[in-house]
Structures are given as structure tokens and as C-alpha cells.
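Read through the structure below, which is laid out as C-alpha cells, and then see the notes.
Chain nomenclature is as follows: A, B, C and D, assigned in order of appearance, with residue numbering initiated at 1 for each chain independently.
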Amino acid sequence: MKYEINTSQRSLEVDFNFESDGLIINVDGKTLHFQAIQIHSGVYSVLVNNRSFVVGICPNEANRVNVNGTPINLELLDAVHLHLRELGWDSMQETKVGLISAQIPGLVTKIFHVPGDEVKEGEPLLLIEAMKMENEIKSPVSGVVQKISVNEGQTVEKGTNIIEIV
Amino acid sequence: MFKKILIANRGEIALRVMRTCREMGIEVVAVFSEADRTAPHVLFADEAYLIGPAPSTESYLNYEKILEVAKESGAEAVHPGYGFLSENTDFAKEVSEAGIVFIGPPASAIKIMGDKTMARQTMLKTQVPVVPGTEEPIADIAVALNVAKEIGFPVLIKAAGGGGGKGMRIVHAATDFEDAVGKAQRESQSAFGDGRVYIEKYLEEPHHIEFQILADTHGNTIHLNERECSIQRRYQKVIEESPSPFIDDGLRLKMGQAAVETAESCSYVGAGTVEFLVDKHRNYYFLEMNTRLQVEHPVTEMVTGIDLVAEQIRIASGQPLSIDQENIKTSGHAVECRIYAEDATHDFAPSTGEIVMLQIPDGTGTRFDGAIRQGIEITPYYDPMLGKLICWAKDRESALNRSERALREFYIGGIETTIQFCRAVIRHPVFREGTYDTHFYANFKDELHADLATSTDEVLLVAAGSLYHHQNQIKHSSNTSNSTKKTRSNWVNAQLGRNA
Amino acid sequence: MFKKILIANRGEIALRVMRTCREMGIEVVAVFSEADRTAPHVLFADEAYLIGPAPSTESYLNYEKILEVAKESGAEAVHPGYGFLSENTDFAKEVSEAGIVFIGPPASAIKIMGDKTMARQTMLKTQVPVVPGTEEPIADIAVALNVAKEIGFPVLIKAAGGGGGKGMRIVHAATDFEDAVGKAQRESQSAFGDGRVYIEKYLEEPHHIEFQILADTHGNTIHLNERECSIQRRYQKVIEESPSPFIDDGLRLKMGQAAVETAESCSYVGAGTVEFLVDKHRNYYFLEMNTRLQVEHPVTEMVTGIDLVAEQIRIASGQPLSIDQENIKTSGHAVECRIYAEDATHDFAPSTGEIVMLQIPDGTGTRFDGAIRQGIEITPYYDPMLGKLICWAKDRESALNRSERALREFYIGGIETTIQFCRAVIRHPVFREGTYDTHFYANFKDELHADLATSTDEVLLVAAGSLYHHQNQIKHSSNTSNSTKKTRSNWVNAQLGRNA
Amino acid sequence: MKYEINTSQRSLEVDFNFESDGLIINVDGKTLHFQAIQIHSGVYSVLVNNRSFVVGICPNEANRVNVNGTPINLELLDAVHLHLRELGWDSMQETKVGLISAQIPGLVTKIFHVPGDEVKEGEPLLLIEAMKMENEIKSPVSGVVQKISVNEGQTVEKGTNIIEIV
């Protein structure tokens, strides 16, 4: 199957095919023999043309893979997706960039805005204290604060929706 | 010698102290919060007592409760580690008044040096130079702003009641001053229960260099040379080394004497650290004295062969120092990398969760002081430091090569860590040359993060292939016992492909 | 310097060698059997090649295949580790003939010293004393029995083609002689593919003491002092230390010179070990020379600060030794405990299975050279050694205290190990005093095993309570994520109670 | 519930009772508060009157528990069992001591007997090679070799019945 691998820096076109002894990767006219054995939940020992790697699949982030300890952010697009993109439909636009959730669990120590406030991209929205450090949550977009779902002094779990910007 | 010691701390430092206690034949008592029932320090100890709920204010900072446990357990001494109660004069006093030995300096020395304002005032009476700045905590923001303008921006705002980068802010312009003071005060209040902050001059290409000192109750004070701690981010040390590549023997001698003089100025007893800023002209200024064991104390242990915790305990039991200044011999070079549960690629955001796989580096000259194990949950309640990797070798280049090897070998699966960030620092040419100062991170931030974000085509293909393989859940081998078998499904594949 | 090295081995020694290679900027190539696809040395390496099925005769001893991989991978040198092909002259020769550097001595030196009979003949030409015994392998059992009677029982039967206790038997009486020779020959054949054995005199209260030597291609040969290896069981070393508590400076000097003379007698190049037996009168006899890295080499590394694998690689690449005899400075004391997957309470029977929990000791002066991880399966195919715990401290007493602490901290769940046996040895008063010889285990076997079998009432109650709790599967906490919840059942309890 | 704890060296009578905060152990007029938390499959962190232990339950041997790394062999007998023993019925006699199984997986390299041979307790029966060592399997009883279920050169799994002595 044809796939496109995208990172923030570049793009690669590859062809993945499972054969009896593992995965065959064709890229740029070269053939790689890829064999992965799971050694722990989500952790693989990978041999690619006899080169050895330990690869971890990040449990919470679909696009993040850890190779020999180094996190790699990548997008793996299959033929269906590539075709949809040709038709002008890009699934990446679907995600609500203005809906901000807590990336870390912790204590909300300060909220800088009230609904209706205008904010600029990069402007601090609130502070969450975790692991003894104050962490500034910045707005990923410019817009108007629509909804604030937490209060100062409240403890939030990872993934909790905290603020919405439209 | 003591028969039983309570360690009023958690994490790697609790284990560190317990190890030495056990080697000295001393039983160890742990205290733990509800979040830490199965934490490594509880499993390691001979005895363990629950002291309260997860938040440290209700457990590890609850000194009445800890004192109660000390009495109940029959501990003859209390080791506070670093952080938490280690620089709390009330705790030190109450422990002593209960007839239990506080393994640390007298409350009077903690009080003088723990309060940076009092420390400055004390140091101004000695020959040791200090950094220009306010001598009193900020009371009036307008007055403080004027002082800052007099000293000249950039200035540093620092917590009066604690260290370790918490409650610290650098301010480049007058317009940011008030906001920064507020943040520093809040962080300081939260970290140390003391919101007071003060102002200090920011020096040219400064090095953060500290000297380890030891002082006994018999009037002997010695130093064990320096640690170079200039690699910092968020005012938190990242990598430390000894000896410093910046210091020569002449300067080492002078600063060592200044460190001893500093300790003597407050009648210090125990292990302590005198921190200096050294500018590019090799002028040195007293910065602060940490009246406790320092996080980075192992680099000194590795080059001197001296167990600092053992010295602390011997001093606390009234024994004289087993070594004098002339007999301190250093050998080789040691480098410490602090490993934090933080995502370096997302502004060092704390990372919590289960450690699903753990491979700690080992081998010649490789030491890891940590408190983690495979299967453990990293919670948001405490400091994000997972441990410290210390590598020793016969010279600096070999020690850096060893550190790179060990970091490459280090695998913590399931959470984000600063392992790769440390690797990026160590392979940076300026760090390799040893010509860095405290601005290293600010100056080379982009390069470091570009290094972290760069991968070869091969690595990218491995990543993509693994993701594809994982999504298809193909199981090519029955070799492993703990992997779950799932059938390959094109539907699942297509679905996942879409989301990917 | 080499860019890529193939390590023709597995387990802890493969990792040990790879660590140094990586520190020297050299890429590492692993070879693995079908049983080792996810073994630590495969995960650790830059490249890994399958060489055959699980039995070592079809994989790790298959040198044609390994040589093929060396060529295919473009490795410029091969490190054989210890065991397997490390003392195989054919392999050494074929590697060299393929234009690849064999990291070890010339085939001629391996041949002389690897064959104990030839080694004796060589040594008889030097000033170095040898142990009385046969100079030829046993050909005729009746003739051999007469020789044994002449030397006087007890005698030792030893493999001509290998070391490490395999194929070795002590015979106390003529009646047991033939049977013992048969067993030794079979074991020797199986371990080394060479069934030849010979006879040797058994000495009074002998110490097994060996000297580490290094020789370069420029004619320099030095020694790095001794290792005391008298703690053995089944003729296999258990605990080694350096310096030896039995050797004084005068004897050290003489034996060191004898070790260098031994190495020079066979034009030795590389790292090697000259083993001596030293009787209670401090007479020393050449025993054998191991023409490879020794399992217990880390104790020498810890006291000298010299990385022996790095020296091996430098020598192999043609560089002269970086140190001379006068510059060898030792510091402190190092002790190595070998950790085997064996049940000390059942005659050291091999133990296989999954390592369900693993906690490796760490901290000041604590090194573990191993190749295990949590979740890994220990198979019956290879040597039962899981790794080696090496503790260094400023003196012998501190090093033993540190070893005890580290062994107490070591936790390998799911299989039986010799950790507790090592603890029992270290706390035995005769070992503590340092007055032991090679009969230590035989002499104190009962005491050691009684120590292992002794527990306090408290520990017994903890054991019983845990068993009761486990059988009832009560889950008192939701604290842990990976424990399975089961309901309490009196029926199950009663059933289990019956069987317990 | 009343239990008897037996080891090769001594015997203790205890009373186990689960209460809300853990197990209460009464022994010799003393009360112990026992709390166990599973940290891995079969591995517990145990606090007994604030004393801390790591305890492993051996997966294959019901009577073997590992406390702080030290293996303890013990027998835990409940009231039913104790009562049966009073009546003269001892379950321990049920086990066939003459049925010898492989304690280790490995290769059978030598068998010293044929069915019908008389053997004494402690006499070698066969050799199994595992982890590069020859392991002598000795007879736990005196008797006559009834059945040999393996051949020389055969690989056996752990637990395989290899020889029966009656």
C-alpha cells in the first residue's frame, strides 16, 4: 500500500507490503526488510536491513513515535486520505484548534481572561501548577474566549477541556 | 553512631541517603504520602509511615507529623535530603528540641544562609565579593523598580526563601517588571511557603560555579573543589560537571578559600554548597549558600571518592572529619545529567503516566541516582526529576563520550523525558569545547531544538514502519510472552490511516 | 581506529564490549540465535544478524557463519568476549585471513596457553613455578591412575581445551577416578568440543589469584595487579576481589613479574590473565593463562580506573599502551558478585523463566554488568550467569558493606538467583576477615546454607501473611494499575489452604 | 481464621482476620497490622506494623515465598487441614515422592538405570544438561525404578515426568 510520510521538515513516499517474513518497505527505488517484535506493550524491537532499533509507540499521541529514545512526530497518510486531499478535503482542518485541553494534570492557579475577551495567538490564557512548576498555557490561535470550563483553584485531569477560543 | 535514621523526603534523594545509611549499618525509616504508598523509597526502607495526603503541604512539608513519626519509630536522627524541609529552621529546631539529631547545619546557619537577604548582609562583612543588588526583599514595587533601573536591566528576581530556580525570573525591560515580580512571588509562595523575592544584577557571560564544603563540630572546615552548573533552563540546572572547564588551579584555590570563609562566617556545620557567579573576566561573586546536600553532589563524590552522605552522618554524630584539605585528591572527570519527566519538544511541559518500559544505563563509570521502576506511575504532585545520570571517566572528553553512550542506552517508555535534550546539549560543539556560560541554553536554544527535531530518512522510515506495523497489529513472532495477539484488519488500518 | 566492530558473543559481555565501543565512537554489530531475537545485546547494537538456531553449536559457535556476517556488515574487527569462540585458534586465524582484526592475542599464543598441556611445557622453560601434574592429556586410564597415585590424592581432573570450571573434577580416592574422568571428558567435550583432560596436584589451603596483563604490538607488557578468586563452588568463581586480602606488596611484585614473564613467554599481545595457585606458605604456582577478557575484569577496572576493553581495542588497532607499569595507580577496593539464575537452596539447579520484576542496585560505587530486563525470558540454552555486581569503595570493609547493601537492594522476581547466596558469603565471618581460601565453600557450606534457611519470626509472619493475602486475592487499594482484581472466595481459600 | 505456619525449623500458630484497613495477624498475644499492595503480578509491598517488605509469591511453588529477596519455604495449614491431621489423615503423604519430574528444562545426556533397577535415596538417576552445566538428578527415595519416560538425547521441558520409583 502506498503511503505518504510527512514531518514538519519533509515528506517521503513509501510502499508498505507485508510478506511472510515481515514488512517490505519500498522507498526511492530501494527495498527495506522491516521486522518488528513487540517486547512490551507498545514497545518494539525493529530490525531494518539488519539495523537495530527500539521503537515506542506513544500511548496518547497517534502521530508520535519514539525511535531509540528520540521522539519523532510524523503523519502517515494512506491512499484514501491522499485521494481525499487531492479533492480538496483535508482532515487536518477538522480538529478544533481553539478548543484547549489540559496537556498535564495539575492545579489551575490563575486564569487571565473571562468569556468575551479577545486574545492573540501566543498570549497566556491560564497557569496550571504541576510537579511544583507553574506552566503557562498559551493560546494556539487568535480569537475570542467563548467558554471557560475551569475555575482558579480547581484540579484538572490530563485531557480536561479548559477553554474554548472561536 | 546512630542505629536508626528517618529520611524526611521522597524520590531519588531518599534512596540516595538510605543507601549510605544501610552501608553504615543504620536502619532507615521512610515517610510517605498517600500517593507514594508503593514508591521506591517505601519499598527500600526498613520502616515506612504514612504522613498524609498527596499534596506536599499536607505530607512532606507537614513537619509536626514527621516529627511524631521520628519519635514513634525511635529514630535517633533525621536526614532532610534537599527541598521540602531541608532548609526549614523551625523543623531543624523542633527536631533538636525533641532530642533527635538534625542531619544538617545548626538552625542559625540555615536561617542566615537560607534567607538570601541575610546571607548578603553576612557576606558583606567578609572578604568574599557579592553580586550587586537589593539587600531587602521587595516591599514596594515602585521602589523596587527604581532599584532595578539603578542596577540596570536585565535584572534577576529571586526567591528569598528557597532555591533551585523556583520563584526566579529574569527581567529584560521595566515594562515586564511588575508582572515578573508577581509570578516570582506566587511561585515562591507555593514552593517554599514564603513569597518574598529580591533583585540582583545580571552578570556578563556568567558561570554558575559552586564549591562543596564540609565542616565538623570540631572547628574543621574544608572544601572539595567546584562543580560547574552553568547549563540551565528555566533557571533549573540541567547538566553539571566537575572539574569546571572554565576554572584554573589558581582561581580554584582562591574560590575554595572564599567558600571556606563563607562557611565559617555563619559557623557552618555539615555539608553545604557555596554558589558563585563567575563572569567572563573570571571575577567571582558569592551568590548563595545552600545549607543542605545538593542535587548535584554526586559529581563531587565521583571525582573525590568521598561519600558526602556518610560524611554528613559522621559529622552529625559528632565525629571529626576523616579527611583534611591536603588529603583531598581528585581523579578524572564527572558529568551529571538530570533526567526530568518533561517534554523538551513542548516547552518542557511536565509529563505524567506509567513507565511502561525502563532500561537504566550501567557499566564502567556509570551511576544513576533515581527512584523509578518499570510499571510505576509518575504523578503530578512532586518534582518532575526522575533521577540523575552521573558518568565518570579519566578525562572530560571520555566522560562526555560515556555520558552520550549512557544517554543513548537509557530508555524510559510511556512518558516524555529530557534524556534526548541532554544528549543534544552534550553533542553541541560549544558544550563539547567547554566554553559555555549560563546563557548557553538561551543562545543555542534553536540549535538544540533543531537537533532534537532532526532525524535521518532511515529513522523516519523506522518510525513510519513501526506505526504501520503497530496499527496493523501484526504479530510475526510468538517469541514474546507479554504481547497481545490481534488479527490484521484492513478496516482498522484504513480507519487508523485516516486519523494518522 | 576501527569504525565498526562485530561482537561474536551474547549476554552481559556483549553489552560490556558494546558500551566501550560506543564510547569510542565505534559502531557495534551483534549476532544472535533464534532464541535471542529480543535479547538485550540485539536491542543494544547498531546492527544485528541472525546466525542460527538456539543451541550454541549451531549459532554462537558457528564461526563460518559469524565470519560471513563480519564480512557482510563491513566490520573491521571482531571482539569475541569470553567463552564461545574467544579461545578458538581456527576462528582467530580465519578472521585474520579475511583481513579483519581479531581483538585478542595472536592464534599462536591462544594455542599455547589455551592448551593447558602446551602451556605447562612452555612455562617449564621459564622461571615461573608450575603445579605438579601430568603434562599430557589422559590417554590411558590405567596409566593416568598410576600418575594420580604418584602425585597423591586428592587430584584435580581438568579440561585441556577450556576453563571456567567446566570439565573439572576433584577426586579424593582411586575408586572414584575412572568415573570422574568420564564425567570431566563428557562435560569438556560438550562445552569446548574437546574432550581431553589432564591431572594436577591439589594444594594446601590454596588461593586462586590471577594477574591482569596488557601487552601491545610494540613490545610493552604490563600487569594491573591481582584479583583474588578463591570463592568458588562447582569450580566456578562466585565472588572476586581486588586487591587480595592475602597478598602483600612483596608477593604482589614477584607475582606481577611472573605474570609479565608468562605473557612474554608466548609473545602475548592484548589483554590476558595469568592464574596462579598460592598455597598457605605463600608459594605460588602458574595455573593457566586465559587468553581473553576475563569475566571478573571489572574489579581491576574499578581499582585502576582503566577501561580494559578500550585498551584491547587500542592494542588491536596497533596503538601502543597508553600507560606504563610505573603509572598504574590503584585506589580503594572492589568486589564482584556473580549473579546466576540458579537455586542455591536446591544444589544450584539452573532456574529458567520470566523475570517478572527487576530492581538493579545503583548508587555510589555500584556497577552492574548484566544483560537482563524486566519481562525477559531466561532460557536453558546458555550460561546461567545473569550478570555481575561490582562494588567499589575506599577500603575493603566499606566495599563489603556496599556489596551487602547492593545485594539487599537487588530484586529479581520470577526466577531463583544466587543473590542471597552471595549475601551469605559476604556476611560470613571468615570471608569478612579475608582469611579464606579455595576450600571456603566446602568448609562452610553447611553454615552458608543454614544462614540462607534461617528467618526471623517477623519474616516468617510476613511470608505467611503474604501467602494468605495472595491466596485470598484481596485488593486493598486501587493504587496500582497492573494488578488483577479478584473477589475473595472462601472456597478458593479453603482449597488453597489444603494444598499449602 | 486459625492457621499453623510450619518450616523445616519451627512452627507458629497464628490467627488471620481481614479488617477494613488490612489483615490483622494475632500471634503469641501480639497483634500485627499487615497491609499488602500488589506492585507486579505476584509481587507485593507489605507493611507490617510499619516495617516494610517486598514479598514475591513464587509462581510455580505454592509453599515458597520470597521476602526481601530471601526465599522462605513454609507450610500454611488451615483449621480444616489441622483437624484432618488430628484425625490421622495427612495430605502431605499424598504426594508421590517417587515420581520425579524435570526441575529444569534441558537435554537428557545420560540415564544410569533401566526399569527394574533398585536405587538408594541420593543415588544419581540421570544427567540433564542445561545452561551449559551437567545436572545430576538424584533419587529422593530408595526403591525400584518403575518407569523411565525419557531417552538419552531427548530435550525435556520443565515439569516433565522423567522417572518413577516405587
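As a working rule, a residue touches a chain if its C-beta (ideal position, glycine included) is under 8 Å from a C-beta of that chain, and two chains touch if they have at least 3 such contacts.
Given the structure is predicted, the values throughout are model-derived calculations rather than measurements.
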**Report entry** Smallest count of steps, each to a touching chain, taking subunit B to subunit D
**Finding:** 1
**Report entry** Chain centre separation in whole Å, for subunit B relative to subunit A (CA means)
**Finding:** 30
Query raised in the report: What whole-number Å value describes the gap between the mean CA coordinates of subunit A and subunit D?
Result: 51
Report task. Let me have the rounded angstrom distance from the C-alpha centre of subunit A over to the C-alpha centre of subunit C, please. Result -> 47
Report summary line: Residues in subunit D with touches to at least two other chains are numbered 37, 39-40, 51, 54
Report summary line: Touching two or more other chains in subunit B are residues 37-38, 44, 357, 375, 408, 477, 479-480, 482
Query - Contacting chain pairs - touch in the sense defined above - result: A-B, A-C, B-C, B-D, C-D
**Report entry** subunit A to subunit B touching residues, read off their complex
**Finding:** 3, 5, 7-9, 12, 14, 16, 18, 21-23, 25, 27, 32, 34-44, 46, 48, 51, 53-57, 59-60, 62-63, 65-78, 80-81, 91, 103-106, 109-110, 129-135, 158
**Report entry** Footprint of subunit C on subunit A - complex, ascending
**Finding:** 37, 39-40, 45, 47, 50-52, 54
Report task. Over in the complex, which subunit C residues touch subunit B? Could you list them? Result -> 15-16, 19-20, 22-25, 37-38, 44, 298, 301, 305, 307, 331-332, 354, 357-360, 362-364, 366-370, 373-375, 377, 394, 398, 401-402, 404-405, 408-409, 477, 479-482
Report summary line: Residue positions on subunit B within touch of subunit D in the complex are 30, 37-38, 42-49, 73, 375
Query raised in the report: Can you list the residues on subunit C that touch subunit D in the complex?
Result: 166, 183, 186-187, 190-191, 234, 341, 345-346, 349-353, 356-357, 380-384, 407-408, 410-411, 413-414, 416, 419-420, 452-455, 457-470, 472, 474-477, 479-480, 482-484, 488, 493-494, 496-500
